[in-house]
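Can you keep this structure in mind? I'll have questions shortly.
Chains: A, B, C and D, in written order; residue numbering restarts at 1 for each.
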């Protein structure tokens, strides 16, 4: 997995690539918590277009990010869900809990 | 591996997808021999753009196709070599023996 | 395939980086056996979650402990018809599983963790735990042309 | 990784469809260990060719016979420096290898077949055959940051 950050005005977009699993989800968690809790960015957008695989540890990182975003009045937004990501969120009954868009344009200006 | 044929005037283009290895190369061999020897098509073009992997058994099928094409005065042309295909042909010292093009346009009207 | 229907055996270490290696092998194996793309993803998810649990709970996150996985192509009878299934057995010498904890948790309570067993149960047609000679054994079955899972396409 | 540097063991059957499964696992393993893309392709090609030979020559093309593969991360000394390498051992109970036939053939003679051993030798940094207790053993070594192969990028 690789994460790279694009920092816009009051928004950070993380481009995530590869597999989010037990080996890599701690890095995603760290990136989310840093941006939402430490840097207090009001809006964090996750571009998941290039995520080939996500398991429950990846979902746990997203849920933790969501909790922290709510605590700090920020927004966590997802877009570009691949079948793997969509399925684990559906199995977790979390598709309706997250704010999810089709593409970056919609995610940036909803 | 999957092979599908496009038949133009005096030319057949095979679109090959996936891995060409011990399990699948017999099918490639069969398709080549049918077109060159049985149907006596004067020009057979192999589109290898979507070949992720090729090993020596794939190379052997190509070499057999080349032999048969020479025997019957036909042409066997390759295009769209991926790194894997290019490397095995280079290791086999066959890059200069085959007629190879970058793309379909060049392969059709050289 | 061997006479016993054995397709593949793996012995790996309890290192998180190995999950990706197993996933790639298994995805390919399931595809070769004729499972649909969605079924392949389901099998891969279930095994990844089970291995994650062995690494985290069975071995307490410690690396370098052995995990054995075997993959067999078995005959099954369903609704009076003959069918085929992929049987996967995972074995570890880690901590004895507390079966009371395995059931998972209600999903209404949105919080991190506690999803793995739920995924495994949803993705596979049969899930069985056993303790045998000081080892944990998890047996997972996926029917070819089995019931369609809720997770869709 | 285990104390012995053991990364992974595989037991497969001599079925051509299993080659793809092994390739996917190995490509991922080699990537995880830090090999470049070209090096990963080289290791995968060498192992695929060696398994192809075991299936075709060792077992005469018969399916259902066992092949064992083990992957270890070993320490090596090169030019007085410490380095790391991937050691791969393939074992089969097939026909005894006739070492006289192994050397391969001159490539100038363009004809199908006879390329496998050449690929293996080009792709790996060390190749060793051994007959041990009625089994063929092929040991392949790939150095991390080893000499660049001729095959390029």
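Following the convention adopted for this analysis, a residue touches a chain if its C-beta (ideal position, glycine included) is under 8 Å from a C-beta of that chain, and two chains touch if they have at least 3 such contacts.
Computed from a predicted structure; not experimentally measured.
> What are the mutual neighbours of subunit A and subunit C in this structure?
Both-contact set = empty.
> Where each step is a move between two chains that touch, what is the least number of such steps from subunit A to subunit D?
Minimum number of steps from subunit A to subunit D: 2.
> Based on CA centres, what chain would you say lies at the far end from subunit C?
Relative to subunit C, the chain with the farthest C-alpha centre is B.
> Which integer distance in Å separates the CA centroid of subunit A from that of subunit B?
44
> Taking the mean of the C-alpha atoms as each chain's centre, how many Å separate subunit C from subunit D?
The mean C-alpha positions of subunit C and subunit D differ by 29 Å.
> Between subunit B and subunit C, what is the separation of their C-alpha centroids in Å?
Distance between chain centres: 40 Å.
> Provide the list of subunit C residues touching at least two other chains, using ranges where the numbers run on.
Where subunit C meets two or more other chains at a single residue, that happens at 17, 20, 23.
> So which bits of subunit B are touching at least two other chains?
none
> Give the pairs of chains that touch; include all such pairs.
A-C, B-D, C-D
> Could you please specify the touching residues of subunit C with respect to subunit D in the complex?
For this pair, the touching residues of subunit C are 1-3, 6-13, 15, 17-18, 20-25, 27-29, 32, 63-64, 66.
> Write out the stretch or stretches of subunit B touching subunit D in their complex.
Listed in rising order, the residues are 19, 21-23, 53, 55-57, 59-61, 63-64, 66-67, 83-84, 87-88, 90-94, 97.
> So in the complex, which bits of subunit C are touching subunit A?
The touching residues are 16-17, 19-20, 23, 37-38, 41-42, 44-45, 48-49, 52, 55-56, 107-108, 110-113, 115-116, 118-119, 122-123, 150-153.
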